[in-house]
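First chain written, first letter: the chains are A, B, C, D and E, and each begins at residue 1.
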Amino acid sequence: MEDKDLKKENHVDVKVAEAGSYDPRIIAFVCNWCTYSGADLAGTSRMKYSDNVRVIKLPCTGRIDPLFIVEAFKKGAKGVLVSGCHPGDCHYTSGNYHSRRKYATFRDLLGYFGVDLDRVEFSWVSASEGNKWVSVINEFTDKIKSMPGKSTDIFTKK
Amino acid sequence: MKTVINEQNRRNFASQVESMLHDKLSKCYQCGKCSAGCPVNFEMDYTPNQIIKMTELGMEDKVLHSKTIWLCVSCNTCSTRCPKGFEVTGIMDVLREIAEKKGITSKVEKEVQMFHEVFLDNVKSNGRIFELELVGKYKLKTRHLFRDMFLAPKMLEKGKLKMHGEKIANLNQIAKIFKDFE
Amino acid sequence: MKVSEKLHEAKSGDNSENLSAAGKLAYYPGCSLKGTSFEYEVSLLRILEALNIEVKEIPDWNCCGASAAHSINHNLAVALPARNLAIAENGGYESVLAPCAACSNRLKSADYELKTDEILKKKITDSIEMPYNSEMSINNMLEFLIGVVGKDKIKTLVKKPLSGLKVASYYGCLLVRPPKIMQFDDPENPVTMDELVAITGAEPVDYSFKTECCGAINSLSKPDVVMALTGNVLYDIKKHGADLVVVACPLCHSNLDVRQREIERKYDEKLGLPVLFITELLGLSFGIDPKDLAIDGHMVAADRVLKKIEELSK
Amino acid sequence: MANTKTDEKLQKIAKDLLESGEVSLIIGYTKGSNSQRMRPLFVTRTEDADKLSFSPNAVQDLAVFLKKAEVKKFGKIGIVVKGCDEKAVNALIQEYQISRDNIKIIGVECNGVIRQNIADKGETNVSESTVYDKCLICEEHIPVLYDFLVESEEPKLVLSGKVKPYSEIARLESMSSEEKNAFWANEFDKCIKCYACRQACPLCYCSRCIVEKNTPQWIDTNSEETGNAQWNLIRAYHLSGRCIGCGECERACPVNIPLMLINEKMAIDVYNMFGYKSGLDINAKPVFGVFSENDFNDFIK
Amino acid sequence: MARIGVFVCWCGSNIAGTVDVEKVREEAAKIPGVVSALDYKYMCSDPGQNSLRNIIKEKNLTGIVLAACSPHMHENTFRKAAAKEGLNPYFVEIANIREQVSWVHENKERATAKAVDLMKMMVEKVKRDKPIEDVRVPLNKKALVIGGGIAGIQAALDIANGGVEVILVEKEPSIGGKMIQLDETFPTLDCSSCIMTPKMVEANQHPNIKLYTYSEVEDISGYIGNFKIRIKKKARSVIEKDCTGCGECWNACPMHKNIKSEFNVNLSERTAIYVPFPQAVPLVPVLDRSVCLHFKKGGKCQKCYDACGPKCINFDLQDEIIEETVGAIVASTGYDLMDTSMYGEYGYGKYKDVVSGLQFERLLSASGPTEGVIKRPSDGKTPQTIVFVQCVGSRDPEKGVPYCSKVCCMYTAKHAKLFAHKVHGSQSYVFYIDIRSTSKGYEEFVRSTMEQDGAIYLRGRVSKIYEDDGKLIVKGADTLSGNQVEIAADMVVLATGVIPKQGSDKLAQMLGISYDKYGFFTESHPKLRPAESSTAGIFLAGMAQGPRDIPESVVSGSAAASKILGLFSKNEYEVEGTIANVNESTCVACFYCQRVCAYNAISKKEIKDRSGKLIKVVANVNPGLCTGCGACVNACFSKSIDVKGFMDDQIYAEIKALAI
């Protein structure tokens, strides 16, 4: 009985964006071992953070193809975060190092093509850094929210 | 000995020290190597590691009135050997500066503090140190008129004490620096 | 690798003449060398002359603030040295010789803070109203002799080797500490001054208190403490059989020389250890007249040692 | 036009190589129907070697043919290359597409090639204002690797410094995001997805290009601005750290998209960040095949 | 056609308190391909799992999505449940709506919207899942143990006793490691060599153990079940099988001065031909060619040869290379002690009577240079006062290492105790920061060192040691009384910290296992897989993993052994199927995939036609080595390689599910 009540009380209609407010979609590509676990830790520690982010889990930063960032923009993301294990901590020893090289140049290329680089964020968040995950997400969301006009990019239809 | 810790005061004091020190008090794990090697520890009322802990606990009064902070000769033996790379010498500077700014005069070690003050006055008025004037003023202030007096004649004879001091040309620049930071 | 080896690898070599000829060597005497430690300046200028190196005094230099400034006013402790460094840098100098260990320590510390703290740098350069880019190399006396002048060059000038003389090098604290800022020699077992002693032909004496502090800054305010500390050092040197002590710091010199008689009285044990500046010892080995080196300016007479040198050289 | 000494040397080398059987095909240049143009020539018989020629009109990068199956089947191949083009050969060796043992490199010293549009108008002088931008920054007038070298008879290229190669890059970099966006939107709007850039590139050798893969669809197939931008981005990204700057993509582009502004920007980035230049050393590991623990990390929180 | 089932878990109120689970279920039901949507209080409970299994059966599901807690919690639970109904376990995807939604957000409406998104993503992903079969790799049932200290010996003996052949490789001339250098062991004070020697002999004589001493592993390739190893057996210059260990050769050697004994940590000298210690296993000498007169002076000296009865000395012996194939490896390379001469203030190396812990151990040992009588190195006098300094190098990020070396507290207490037992009326002082005595009997041991044996413990570090009148003056602090103290000692013992064996990082690179910034090998999981390395088939034991004492080393050796015996109990090894997969028809063989692979899992494969003519070369994934990290996928320009379970089109579908 009690459960029924709980359900009722919580039954809500899904309305993603309130009219007038800028509610940007943020997609985070994270590695399974460090950042995903770090995000889980934030959960088990009941830390609160912005709910604009959607996490896509991959085995390793080495698997997070820079081209996913473009696809995310094409599908309407206003901010994209890539996050994985700190240098030296990669579960697969060097996946993050290989990716760091690629991201470094790819990021420049995006900037060169006119993507506001404030919209692409990279971070190292370890499995024990639930608090860092929270601050990375909150800061990034705040940043994206503060620039509603600057979200154009060449990959998205206007 | 008992200290009731007031959390707000503790935080205020500890964070003031940390921000001036650019170092974290929690880094110290109280191994005591600083105190073990300190050449003037034998005269101190609190050992350097105790000063660090007391600062962390916010015992502002005790720390700022301690002999320790004025006895420290800044020889850096502690910082050099500290296994955690903590700025032990640095915290003494910071505590002295706070004491000075608050106008706390050390009851037991006022000579050291006065010496520093007289020294800086001397720099302020000449741009350089005029030793005879420095010693004279210091002795007047501390009233230790006759201490070390027996050294003076021989020093004068050897030419170690000059009768006239030099002043720098652009004293206004020194005045500005003092004005900015005093 | 030990710190000392690093230093020598990096800096040893004779670069002095080029720098000197180009007028790039600035000299920061500091207040002591113009007063109580005038012997230091006299002797150092004399040996630089012998080495054919010219240094130019920083125009209108001011006191570095010594330990008083950093003890009670951190900003002053940076600003006062910064003014001197900025004058030198803007005057086109590349290297500063600061023979006083306290001065070189303060100059280096200020330079380090200006290099690592942008906010502080802004505050300080605004106050001294001069730019400063931290491009100056700051040398204490030993660094200058070994790193800028070079051992080989010094060796060529040794005319009167002091063989048979036992010399204890006293470094004190300011030359080597804190190591991350001083970047000079091994902070626990420094050897630079001993190497210079060996060049003069004298025998360096090893002892335990090479880097123990003499009490330095509290000389006037806490004479009892200072005498205890200085006494430790002097008696240890005595025990290890040294004929004399060399120093490269006016504060050390004051405490070891000026207060020696008092220490003897206090501990009722004779010391009789002349305390020379390293520049004076080098000068003696160059064959320069002790009078020209102002050795007679010391409180503890060096007569017996000078006599011994004369005898040994015969 | 009579044979120049360069041509004679080329022909001699080719003849010797074919006669001795060291190679079974030589790729080189011959004079085109239009005197201001050179076209590629494939020589398999000794007697055809006489047609080989070289001049500042030899614009094309012949290394592009090394990726073709029709060429590969010859096994041992000789190729006439300028310094820039030769870097493509090196990159192909680094990426295992050809074996050093199977290729004879006939390097020609080159002091710049004349831009084709200017040459078509009758320009014959090699000068700062007539050559491609790549020639102005060229550090390999003599190829870095060759089996035979044919020296140039052309005078050395004199640079006054007045002509700034790829100056547009700096201008673009200084723009705001919106301006850059507008600039490229305008350029990519022209793209017709003909993939000539890909075909002309010696290093685009995939047998199935990513654009042809549809699970997932990496690049929108329709020819509209967003998909175009994506194509151009991926093309540039796949060439970053690899492009040797021959400029063939830009030359091949029928709608004149300034592709070299992208390629060159990538090359500068890679050099600044990792100290790597493509195609200089066949034994070097490609920049994106290795990493350093001390790589540039500033952009990562 | 996909037939997907979506299960939304309430997790009591953990999820349902913040997320409108009913709404999530309703949204799920609307997605094309979803044939069943259900919400339930506890999906992980037995009834929850049963309903899941029933629906799989009833609706003939092709994939399921659980909107529940983190996959790190229950992915395996649900995979197993699905597998029981014949569904490929990889057709189970988890939408993490607890750790990453209900526990971290507060606004119900928005949390629910996010939960719906995550659920949709997983539905799209699961639709594109391809069946994944776990891979089976055949096993060569033979093991290699690298390092013959106590951990390695224990591992080798346990494996051998399990009936499996073992190759034990030791770098030094004898097995025994550091433990055989110790005198007595805490907290029971058993004599170390009394308990160690029988184990060494057993290892040498065990029919299943092949022992290579004075040998090093030079190269390792391959993967679990099939490692190819190359061992370099360095030339001993002595024919092992003929040697009787009689000692005539080393007695005859003229080089008996100035060669420091490694075994006695430089406190004594040895000859050029020598056994490191009398109980060495094998008891066969080694001729040290770097100091031997025969080699230094052109072959003139052959006194050892002349003295040798069986004539088993052969100056011409060469290094031998031995090749073996094994199915599993134990890395137990042990540790070194830190060099403490970086502490200028302690004077190690300057003052003879400042010794390291291991040196003191040799001074205590009956087989040591002083035959167990404590004599100080400078003048051979028996010290009356010894100061022990703990944490020398350990817990010192500035000059040493930040970690605790774990054994020093205990061995120092043992040293102080043994000193009290051996020298009556003596006094020891111990400077410590914290005492770590956490195993069985340890705290009692330390207490008795203080209470029964009179050692005085001072809580504080030592700042300086210097010599004065033949005494070592130790300047330390006693932070409890707040005093600076000075003690005049006859001898000082520095409790030196431990670091990984020199070269362990090189070995780790050769093995392809990860190691931390100090060089200690890293466990696959610090808690749950402490005996495994990050690479399948390679196990870890002893101090090579980090500081630990003898019982822990023995336990870890046994753990590695039991893991290997467990592995070898089957004929094949199963590898998770989420590994890389090459599309051979589009691969152009640029081998960027190979360059970025950290596991050497990619090799070149030649494709030939029926006549044997080479058609093309393509990349090939070794399933035994691939870990499914996906670095190769990013490196591939033509997208000819993909990782099962995280395929490009799945990621794209996830992104698309989020499109706005």
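Everything below uses one rule, namely that a contact is a pair of C-beta atoms (placed from the backbone, for glycine too) under 8 Å apart; a residue touches a chain by one contact, two chains touch by 3 or more.
What you see is a predicted model; the values in this text were computed from it and never measured.
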item	value
Chain hops separating chain D from chain B, counting only touching neighbours	2
Lowest number of touching-chain links that must be crossed from chain D to chain E	1
Most distant chain from chain C by Cα centroid	D
Middle chain, criterion being Cα centroid separation	E
Longest centre-to-centre distance from chain B, chain (CA-based)	D
Pair with more cross-chain C-beta pairs in contact, given C-E and B-E	B-E
Intercentroid distance (Cα basis), chain C paired with chain B, Å	23
Centroid distance [mean C-alpha coordinates] between chain C and chain A, Å	58
Computed distance of Cα centres, chain E from chain A, in Å	34
Where chain A and chain B are represented by their mean Cα positions, the distance between them in whole Å	51
Of all residues in chain E, the ones touching two or more other chains	345, 596, 635, 648, 651-652
For chain B, residues contacting two or more additional chains	42, 77
Chain D: positions in contact with at least two other chains	218, 288
Which chain pairs touch, all of them	A-D, A-E, B-C, B-E, C-E, D-E
Chain D-facing residues of chain E, complex	585-586, 588-592, 595-596, 617, 635, 637-640, 648-649, 651-653
Chain E-facing residues of chain B, complex	29-38, 41-42, 46-47, 49-50, 77, 81-85
List of chain D residues in touch with chain A within their complex	172-173, 177-185, 188, 218, 225-226, 229-230, 233-234, 236-237, 240-241, 262, 265-266, 269-270, 273-274, 287-288, 291-293, 295-297, 299-301
Contact set on chain E toward chain A in their complex	10, 13, 16-23, 27, 41, 70-72, 96, 98-101, 103-114, 116-118, 121, 514, 517, 534, 578, 596, 598-599, 627-631, 633-635, 643, 645-646, 648, 651-652, 654-656, 658-660
Residues of chain C defined as touching chain E within the complex	186-189, 208-209, 236, 239
